[in-house]
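What follows is a set of structures to go through.
Next come two complexes built around chain A: one with chain B, the other with chain C.
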Partner chain A sequence: MNLRRIFPPRVVAVWLVIYVALLLLPTVQGITGFPLYNLIFLYLVFFWITQATSWNILSGYSGYFSFGQAAFYGGGMYTTTILGSRYDWDLLPTLPVAALVGAGIAFLTGLLVFRLRKLSGEIFALFTLAVALGIGALVQNWRVLDGGRGIVLGQLDYPDLLGDTTEMLYYLGLTLAVIALLAAYVVQRSRFGAGLFAIRDDEKVAEAIGVPTFRYKMLIFTVSGALAAASGGLHAVQVGFISTDVGFGLRVAVFVILMSVVGGRRHWFGPLLGAVLIQTVTDRMAGAGYAEANQIVLAAVLIAATLFLRGGISARLVERPLPPVLGFVLGFVGTFVAGYPAITAAAWGMAVGLVVLFVPDRFLPQRRSWTRGGSAPGGDGDGSGAGTDDGIEDGHRIEGDEVIEPSDPASPTKETGR
Partner chain B sequence: MTVLLQTLATGVALAGLYSIFAIGLSLGWGLLHTINFAHFSFVLLSAYVTYELSATGGWDPLTTIVVTVPLGALLGLGLQLFVTTFKIDVFGTLIVTFGLFLMFEAGMAMQWSADLRRIPAELNPYFTSALVIGPIRVSMLLAISTVMALVTCLGVWWLLQHTATGRGIRAFVQEPEMAAAFGVNYRSLALVIAGIGGATAGLTGTVLGMYLSLTPTIIEVWIAVVFAVVLLGGLANPIGVMGSAFVIGMVESVTRQFADPALARLAALVVLIIALVFRPEGLFKRLVEEARE
Partner chain C sequence: MNGRPVRRWAAMAVALSMVLAACADDDGEVADDADDGTEDTDDTDDTDDTDGDDSDADDDDGDASAEPEGDPITIGGSLALTGIFASTAEIHDIVADEYVEMLNENGGLLGRPVEWTVLDDESEADQSAALYERLITQDEVDLVMGPYGTGSITAAMQVAERYGYVFPHHTASLTYAYTYEKHFPTWFVGLNTHQTTPRKVFEAYQTLDDAPETVTFVTNRFPGTDFLVYGVDEGEGALEAGGGAARVAEDMGLEVVETLDFDTGTTDFSGIAGRVAEADADLLYVGGLGVDGPNLLAALEQQDYQPRHQFHQWPSPGPMLAAGDVADGATSVTIFEPFEPYLSNEGGQELYERYTSAAEEAGLDYTNPETQAGASWAAWQVLTAGVEGCECLDHDEIADWLLNNPIETVQGTFEYREDEQNYGDDIQTIKQIQDGEWYVVWPDDQASEGREMRGSS
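Right after this comes the complex of A and B.
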């Protein structure tokens, strides 16, 4: 496996530029003094990207749909809180411990469920839900952990280098999001990822062609749990008052499922798109006092995406990246110049981009002129494989001759399987 | 001795509540391939209707079933039509009805706010009075719901085993093409089952409306335990549902009596996890074994 194949230089360059720009943002904020809230907002975006990506590498890639995200998120949150508030740990060392706790919970759960051959997808979903609720009930009732009154997490120590709390959350949140996305990216482009996709498409066939299904499922579940828990641990600082409602409620599972389903579960940046989109909408609507309306809209989006948008936004975007991106930029710049705050402008930009995204093909010039290097394989909206912008398109071409496209009927996996 | 009998009685009463809650869900999953998360919303909506009619309308809470049962049946029918129209697979129904669940939750939060809503005690004689048999006391409400559960589950059992509808639907689940060839009209039979499932949600809602202080999120507490009953009971098996509800009700009741009451729910979840690990097909057989290709 050659590094240049997994990391095509142009892809790396594009994302590095974005990463460096995001790293510099707090400094820019210090100089220009744009509203600090933007940084908090971006932290939340990073947080949701991490959560949704950690969910997706298990549930999107391998097809085992989990309702139990809260078990890992809440586990990590309580680990950091207890270590920080009762044992006076610094923040940074708590995060690896939180990741270990999450990995441990995932490992044990996986050991239980993946041993069962007859376990179908629905049972797995409900089983993970039961585990999350069970751990929540345990924490709620066990004095040693919480006992039902919640815990206030005071200020934790961390290196001064990271600036004030907002900046610290921003930097660490960004770091975790990058780690999660990197993991998702590497997995998707590796043999391991191809194996997971094969498990999702047909586990029996995958096993027959020699995919070590049990080991793969255990590994991805553990990684997913560790990522979710580390991010949950950091989020404890943002939340401040930790209770079982916050840690083990349904909310986290709802959002990660929503973000991944809307963004697209078969691609590493599907959850990223979903997280950015849904966090922006939620922020604008809940901020304006429409929390319930927001929930209704999001639920409707979830239903619509399940019914009509099997590959999520990313699948559609891969086919025609340019018009929606242009739509977004126009919408954003237009509203921003008109004097609205940056996040509102972003929300409008996304609205325009989404509308453009779903304009039927026949109203646009020929599709080929919009994508470089040929159309995506299996291109009728199943969202396998390819990227959105030019750099990633490039990456896809390189990937094409190595990684198996599981949803493509003519893929090698299926042929060997039959 | 009295303590033991009392524990048993509480367990049976809880079992009644759980089985009437779970039977609709079990039917939908086993016969219609719909894992209906929105069942919980149907129940809560009916509970709010019971509350509204009796707290502001002055109805006797028990008589509100003439509204809640048809309401539940309509909701069940509507969902079934939706599912067949869009041809949603089992897994899709779980996500779609989860979306519905969230919509209902937000809608009820808008309508009734997040405050606790409870039928005033003077309007709710079933909650305050108790059935006393010798040394044992059971809440009148739970006694009523146990009777309702028995009647409902046995009725459903009879329907599935001894009527043309039941035979048709079982045949279809087992062997769709063959059943269709013999003239089984799945769509209309499925509507019957969906309507019955919805009606049980309405009934459950009325009972819970009398039993609980309602908030839009209160129903979340019930999700795990009800799914536990459904999974352990064997899908679409009314007798199995009663059996597994009894097991879980007893576990809770014993935990409450002899250990920490707060641990009761946890104990039920532990039972579910243990049972799924050792008997993933449930404690009871599902009513209809699907043909495997």
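Right after this comes the complex of A and C.
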């Protein structure tokens, strides 16, 4: 494995700077006293990044569309809650156990569903939904787990160095988000990821060219379940009262799909963008008393992204980043200077950036259409990544510096040739 | 120039901007407020200092007709304005608006105007927790009022505890689960409501000539109703195992002939109705809420079955009346009804007049204040009594005052007991549908004028 290719030093340096800045933020908050809510808001962003990314590495990369996110998220929530409230476990040890539970649920589900070739497509989606509902019903009716009463988690012990509860949630939420993004990034840029994208494009062809499809699907499903469950376990602390409605409701399953579709399902960066955007909009709308209208707005965004942004925002952003960036900056600065809180200003900035993003190409200065394989912002542009076709609305793709026509008989698949 | 690095960095800038924008400090004006507020949040004692400086406001406190002056006291909360609990939460929304309006018409709180901020938690507990985080750490409200719905209340209480806020709440039902020393329930049902509530019900029925000897339980798997019917298991909360209407019934000599459960949100009760009719117990005990009871009765009516006696835990009062003859004689528990002696309780008449008018204006089908409105109004009375009692906004002092003083409310006198997790006596009474209206019928000394518990018709 060529680590320098996967982790170009300049890219690593930039992300490290961002990571360190985020790590220092609670300290800065303590010194400057900027509103504590910004940390809570960011924790929620981290939570959604982790959830959406965990969903996307399975459903976005391999094309196996899952509606069963709640099985892992809820499983993790209940694991932490039961271990913490009934057996007095500290918080930190509950998280790896929650991850194991999520991985176990995914593994067992995968063993069944991936063995049966006919359980693909919409059948797979329904199957995963049934698994989530089934586990929810089990928890609802089995007093050993819950029995329908709900469980109050209370305060769990954790190392003092993590600060108060808000800071602890922030640090651990950030850590889980980084782990999830790192996993998504590495998978996308590995042979493993190429295999997953090949499965998505055509599983039979993938098998024919030697991709171990069953093993790959099992592995990514298990990792996905582990990430979602660990994040759910931590989120139990934030919610405080866990019931089957909270753990196994459809909200998380719907939102991770929404975030990934809007952000871009074939880029590791897509769920991050989607999570930041949708959590920001949701937060501002709820705060302004438009929680109900928020659902309409999100539906409109999803429709627009589906119709006009094949590949999601990330693909479009990579394709032509400057106009939406300028739009975002103008929107943000304008509202921030006008006296709005930072999160509100960011929401307006994103709105302006999105509008610019939606402007058809013909209204913008003409330039040669281009895209880069696996090229999320910060990517190394080697043209080998699996996100290539997200940025190609006309079916073109790039290999090296060459634009390959879709009808080119020499390019039957995109990633599996590596 | 090679465009790729430019694009790469520009895209990176977008991501960075999005993240950093969310963290960046607010502008000068907002930041100043935030600085003050953050200190208040970190150490709620500081709010007391603020009030201490506002001596004029305190002086004005005694003059109820004076115009409130000074910075407003901000009170925040969430309610299920949308979602599964929205129809009932609307009652609490109306009460909150009316109470705050009444406060401001009568000199405000500590002589200062009161601002009430309500956010929509969409009937979801995790949303409620997030919104209380927001209210406390971003909006930096001085006080909070609990949301509606057991799940939302329980989740929000965890947040209030994290920040040391006094947490009055009106309709939480998992009494055993609330150990926060600054929570103040105003659904005054007692800590051991899983024992006291069914005992009251069965005792009331035992006064009848045709007292029931057998009972069928139909229970919503909603946490509160489940708790009331099945009690507490070993290791569940601070209470001793036991209780629950099903066990209390057996203890009091009733034969339990059937126990049927259904999930929250169930609307088709035809299957359950069939089992109820087949069991044909003397008493149908519906551990349900909202429109569970009316829906079950409609299904029973379709099967031409009329329960001889029927009790409903927390029904929507209007739909029960609208159910018609099949609901005649149905009983429930209550803590407030628009009759004496409730109307003579502190604020009872104001609640009745204001709520009825506002509910009519809002187009509610049932415009009389009852349990929900009574619990909600009492929660506001408790909160304002604590603030006025300690003449401060310090949460420790408010809690201390509330724990050491009787509080007059529309339900009667509250006395919070620390050794009972801030609960007191179970002050519920039994009401019954008679002649197409709800009346309090038990105990006798609190019954509506000329009314007493009736047996099967």
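Following the convention adopted for this analysis, the second predicted complex is superposed on the first by the 362 of 418 C-alpha atoms of A that agree within 3 Å, B and C clash if a C-alpha of one lies under 4 Å from a C-alpha of the other, contacts with A are read in each partner's own complex, and residues count from 1 in each chain.
Basically, a contact is a pair of C-beta atoms (placed from the backbone, for glycine too) under 8 Å apart; a residue touches a chain by one contact, two chains touch by 3 or more.
It should be emphasised that the depicted structure is a prediction, and the values quoted were computed from it without experimental measurement.
The superposition on chain A brings chain B into a clash with chain C.
By the touch criterion defined above, A:Leu133 reaches chain B but does not reach chain C.
Once the two complexes are laid over each other on the shared chain, residue contacts for A:Leu24 go to neither chain B nor chain C. In the superposition on chain A, A:Thr165 makes contact with chain C only, while chain B stays out of contact range. Shared-chain residue A:Phe65: touches chain B; no touch with chain C. Touched residues of chain A were counted for both chain B and chain C, and C has more of them. By the touch criterion defined above, A:Leu272 reaches chain C but does not reach chain B. When the two complexes are overlaid on their common chain A, residue A:Leu16 makes contact with neither chain B nor chain C. Of the two partner chains, chain B and chain C are each touched by A:Glu292. After overlaying the two complexes on the shared chain, residue contacts for A:Ala342 are found with chain C alone; chain B is out of touch. Overlap of the chain B and chain C interfaces on chain A: residues 140-141, 148, 249, 291-292. Only residues 3-4, 6-8, 10-27, 29-31, 34-35, 37-39, 41, 81-82, 118-122, 124-127, 129-131, 133-134, 137-140, 150-151, 154-155, 157-159, 161-162, 174, 177, 179, 221-223, 226-227, 233, 235-236, 263-264 of chain C touch chain A when the two sit together in their complex. Only residues 35, 86, 88, 90-92, 94-96, 98-103, 105-107, 109-110, 220, 223-224, 227-228, 231, 260, 262-263, 265-266, 269-270, 272-273, 276-277, 280-281 of chain B touch chain A when the two sit together in their complex.
Within the complex formed with chain C, the residues of chain A that make contact are 14, 18, 21-22, 25, 32-38, 40-42, 44-45, 86, 140-141, 143, 147-150, 152-155, 165-166, 235, 238-241, 243, 245-246, 249, 251, 269, 272-273, 276-277, 280, 283, 286-287, 289, 291-292, 317-318, 320-322, 324-325, 328-329, 332, 336-337, 339-343, 345-346, 349-350, 353, 370, 372, 376-379, 381. Chain A makes touch with chain B in their complex at residues 65, 112-113, 115-116, 118-119, 121-123, 125-127, 129-131, 133-134, 137-138, 140-141, 148, 249-250, 254, 257, 261, 291-296, 298-300, 302-303, 306-307.
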